[in-house]
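Heads up, the next two complexes both have subunit A, just with different partners, subunit B and then subunit C.
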Partner chain A sequence: MELQIDHISKSFKDKRAVDGVSMTLTPGVWGLLGANGAGKTTLMRMIAGIMEPDAGQIRYDGLPIGTLKGRYREIFGYLPQEFGFYPEFTVKDYLEYAAALKGLPVRDTKRRIMELLEMLSLSDVYRKKIVKLSGGMKRRVGIAQALLNEPELLIMDEPTSGLDPGERVRFRNLLSEFAKDRIVLISTHIVSDVEYIATRNAVMKDGGLIAEGTTEELVKLVDGKVWQCVISAERLPEYERRLRVVNLRNEADGRVSVRYLAENAGEAMALRMTGAGAEANAGTAPIPAAPRLEDLYLWLFPQDMAHDATGEQRKLVTDQHLADSSGREQVQAAKASSLEGGFRGAAGTVRTRGQAASDRDSDSASGQKKGGRNA
Partner chain B sequence: MKAETVRESNVSESSAKPVNDMGTRKRGREKAARDGRNSRARSGLYALYRKEMADHLHSGRFLIVLALIILTSYASLYGAVSNLSDAVATDSDYIFLKLFTLSGSTIPSFTTFIALLGPFVGLTLGFDAINSERSEGTLNRLISQPIYRDAVINGKFLAGATIILVMVLSMGLFIGAVGILKTGIPPTAEEVGRAAVFLLFTAVYICFWLSLSILFSVLCRHAATSAMLGIGLWIFFALFMNLVASIVAGALYPINDTATVGRVLDNYECQTMINRLSPYYLYSEAVSTIMDPTVRTTNLVLPQQLSGAITGYLSLGQSVLLVWPHLTGLAALTAVMFAGSYIGFMRREVRSR
Partner chain C sequence: MRVFYLELKRILKTRLTWILLLASLVMTLLMAWLPTTFVEVDGLKGLAAVRRLKEIQADTAGEVTPEKLQAALTAYQQCLKESGAETVRDLPDGVRTRRILPVTGILHGVNEVYADPETGIGLGLPNIDPAGLGDYYAACRARLMSLMRMEQKDHPAAQAVAIRLYEKVETPYHFYPGFNTDALDYQILLGFVLTLFAAVIAAPVFSSDYQTGADDIQRCMRHGRLALGAAKAGAALLVCGFTFSVCMVLFIVITDSLFGWETVGTSIQMLYSATMLADMTVLEIQWFTAGASLLSLLATVGLIVFLSARIRTTVAALAAALFSCVLPVFVYFSAPGSVGLWLRSLIPSSGAAGVQTSMLYTMLDYDFINVGSIAIWLPKAMVIATALELPLFAAAGVWSYVKHALK
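For the complex of A and B:
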């Protein structure tokens, strides 16, 4: 069982929403990460067959999904980002309607609905109108309808938005169990949702796929770029201005523990010894911290870090320079290769868009076919 | 289907059965799988159809329009029954049909009411059929289900058409029943036939407005826009089309004191042709012909053509023959509007809200 996404692209007027994305989904949970506007939803809608790609093809077990039509939709469940529901429907009405549309036999429908309601803690609201449910409950009703036909391929767009932490954990566990012999694709920008359960992750940016790998493989890309130190509270604004601060924690002694992203410890070391009262407020020396998927996300999407004005500006300047000189493809390739640059040894098993591009270049240059996808 | 075929062929390769037997079994299984899929798709259409029917029957706005139609039907029936004795004094034939066509002193006839208010029912049933699904974000979910995409629009049209058919039939039966009770005269077979053709015309007429409103709901993003377009067109056809036709005919074939008979005929024909572009006019003309057996033509007749003609009633078959182009025209208009909405729906990309 595999879903092959082969160089698919999609544009809306002058905006290229998805740009030549290729990947092969195999059974397991796949996390699709990316900032808002990265193209995750458009990609998912194309996988769901709601939208036709402008170029490229999506194949399920080697057959284009366009030719499978109804058969393809029978084997997948889809939870869109926006949960639309009929205001007059109760949970029961809605799930029964979805089951009827999916063509589930009537004798199995009630049993399956009850199972899912139990599983998603919705039994108490079975007869309530959906419009009266909380956001999290509505989301769970959406999840229930996606799971109704026990799909082989489950596509969920931001499934955990609106869920409280307990529900989120339960949902993650449910998905892990569900994905044993199925393909589950979850798009999210809540990194912790996929950090532990995702078999593999794909990271999208500006419509392109910039990295793909297991969580362990991906976090190695920022290995040695995550630092932490303890500083005095007075120095914090300057640190926030100069560095990409990921996390802050107030310590009992009034100082602040800072976790930040940087190519190396040098900048923080320099910062530590400069400024008024530097000697007295120097704090501890930066030490490398164990990277997490969230760190990678923030490294790749610095615009998501509200406080990092300097970093953002620096990145934009670099991007602009690269874009001016050699175009967008090279910008992405450069970003990916800069990721790999400092950590070449660790990132050997991860394939990024930059790597793929250079593979293609060297393929065409040498005329020799290289090996398949590194996994 | 191809995946099935591939899997089936894998199974077949590993099997030790004779080739012919294997082929038969494979074809049988493929057919079963195909039938299963078709049946699922059909069940999807049926589920959609049922849901739409339930939506209409429970929707407040439909119930209000239905109440309005029932009230006006009753009022027109009251008017007809009040004037029935006067009408029967001059012509005692086809009394049952007079219940539908006779107007009271101040109340229009049932046929006039339906010609005017029928479109409102069609518009009410379809003006937000697609765009409300789009704006509520339910269309996404719907078309990702294992149903054919056109099942969405087919289901909506079929549900609306069923409601219209049931409503029209119920009204016809209601008026017939009350009329029989009031007059005490049972209808003849021909009268029943004429009333049935009238009800069929009415259903097709309202279905035209349903398909038009569905078309607007496909084309317009907002339900309010599609409703306004539908209502605008309805008012135009009902009130202003005749005015436009007479202005255009007057401009093309002006009639003054010195106008020849030929010019007057041209003017009239031009006006009629333009008017017949309006479904309202087509319906009114057809219904007045069907419900009144004395109507022998829908076009202008000169006194010379009438000389020697024997006064009498047309049979039902002859009346139907006269209005056959009207019926086909109305049905064709309905089909064209539905085809437009079908194509528009199938071709238009479903985007997020």
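For the complex of A and C:
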């Protein structure tokens, strides 16, 4: 069982939303990571068959999904980002309607609906109108409809948005169990949702696939780039200006524990020893921290660090800092090169955008169509 | 079938549908009753006036023979002569009710039939020789021929078709007093209102799913394309068609019960033009216009379903749907001549929209679609067109839905 996404592209007017994406999805949970506008939703819509790609092909077990038609939809489950429903429907009405559309036999419908209601803690609202449910409950109804036909291929776009932490944990566990012998693709920018359950992850940026691999493989890309130190609270604004701080924690002694991203420890070391009263205020020396998927995400999408009051300033400073050191283009190239290095270092199990392009070139040269997955 | 049943259930669960169904029922009852309130006879109003009118004109009920016409015209003219009045307006109310009202019903078409063949202007009942009414039905035929020469001067085929149609009209006509043409006008009006309601029900069929995003999910389901599209179009057609049929049957039953079931045996020529081409009684034309309007409504719903499948927002789909309902009225007033006739025959809502553009009023007229030596009476062309358009638009709607893709 595999879903091959072969050089898929899609453009909207002047924007190239998906740009030559190739990957092969195999059974397990796949996390599709990327910032807003990275092209995740567009890619998912094309996999769902509700949007036609401008170029490329999607194949399920070797057959184009366009030719499979109803047979593809029979094994398919989909939860879009916006869960549309009829306002007049109760949860029961909606799930019965969806079950009929999915072709579930009448005798199995009630049993399956009851199972899912129980699983998703929706039994109490079975007869309530969906429109009157909370955002999290609505989302769970959406998840229920996607799971109704026990799909072999399940695509969920931001499934955990609106779920509270407890619901998210339950959902992750449910999905892990469900994903045995099935392909599950979850798009999210909540990294923790996929960090623990994803068999593999794909990272999209500006419409392209920039990395692919297991969580362990991907975090290696930022190995040696995640640092932590403890500083005095007075020095925090300066650190925030000069470094890509990903986490802050107030310590009991009034100092602040800082986790940040940097090519090396030098920047923080220099910062530590400069400024008025630097010695008196000096904190601990930076030490490498164990990288997490979130660190990789923030390394790849620095603009996502700009969501708080100081974030925008931090991003500007970061960009300026990078540009100052060797010119912005060079820094971008260095970043890509660093990713390539990560890929190579991971013994070829992690794909990058550069490699995808190389695949494409070799495809063109050989005239063969092949899945994007690395051997 | 299960998808169709659930889709039907879904439509019937929406509050808007129930409001419109209830409004349809109320409108039906109101419009069936209203025409009786317009009748005024001998100081009486409403149903009492209808009963009084039937009593007054009882002697003229039955076949409209030349002898009856001659006797009625003689009585009419004698009354004027004895009263020294030039017109009936000069007569005292009592005299008019006692001597003129009993014969006005049966003399309905006489002035028209004996109009000047060149100008079409009626001579007036006081100036028509009762002896000439001996060949009344031949005069009707002659009047139609002169009328067709004026109306279809350049189209002899149309003239010939009109004569052929009229030859099938049963003569002598029948007249049973008491029925009021307001009832037929209100039937048309009810048909138009129900068409507008149907437009409101059908417009969101696909477009609201596009707008809410429900379509994104449904489209990924096994039966979420052709089966769902057909179920949605079918359910909209069924709900609208069933509602229209029930309301029309109810309207006709109530109207005819109020005016009296014997009155609807009257030949339609005794209420409208004496040379009308349809061979029908009032009851027959009630059912025919109801049936033709139903066909028109269904074809209109088919068109709206198609528009709904093409338009991405509910508001835009509703605007387009309502516009398609009133389009024949615009065409009637802004596109005269053969272009207007062609458009009226092709626009599916023509038979159900407006009064002047309705099937009944089109049947009162002598408009033909002329293609070379072929002439088709406009009502016939409209029925044929809507019968073809209904499956065409519905299928196009379903096809558009199946092929719909996000952009």
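Following the convention adopted for this analysis, the second predicted complex is superposed on the first by the 315 of 375 C-alpha atoms of A that agree within 3 Å, B and C clash if a C-alpha of one lies under 4 Å from a C-alpha of the other, contacts with A are read in each partner's own complex, and residues count from 1 in each chain.
Note that in this section a contact is a pair of C-beta atoms (placed from the backbone, for glycine too) under 8 Å apart; a residue touches a chain by one contact, two chains touch by 3 or more.
Bear in mind that the values here come from a model prediction, so they are computed numbers and not experimental data.
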After the overlay on subunit A, what do you see for subunit B versus subunit C, clash or fit? clash
Touching A:98 in the superposition: subunit B (first), subunit C (second), both, neither? both
First (subunit B), second (subunit C), both or neither touched by A:299: neither
First (subunit B), second (subunit C), both or neither touched by A:61: first
Contact-wise, after the overlay, does A:30 reach subunit B, subunit C, both or neither (first, second, both, neither)? neither
Is A:51 contacted by the first partner subunit B, the second partner subunit C, both or neither? both
Between subunit B (first) and subunit C (second), which does A:41 come into contact with in this model arrangement: first, second, both, or neither? first
Subunit B stretch colliding with subunit C in the overlay (listed: 8-16, 26-34 or 98-106) is 98-106
Residue overlap on subunit A between the subunit B interface and the subunit C interface 45, 48-52, 70, 73-74, 76, 78, 80, 82-86, 88, 97-98, 100-103, 145, 149
Name, in rising order, each residue of subunit C that touches subunit A in their complex. 2-3, 6, 9-10, 13-15, 209, 212-225, 227-228, 405-407
Taking the touch rule as given, give the residues of subunit A at its contact with subunit B in the complex, in rising order. 41, 45, 48-52, 60-63, 67-71, 73-74, 76, 78, 80-88, 97-98, 100-103, 145, 149
Subunit A residues within the subunit C interface of the complex: 12, 45, 48-52, 70, 73-74, 76-80, 82-86, 88-89, 93, 96-98, 100-103, 106, 142, 145-146, 149
The answer for subunit B against subunit A in the complex is residues 1-4, 6, 37, 39-41, 43-44, 46-48, 50-51, 55, 58, 133, 136-148, 349-350, 352-353
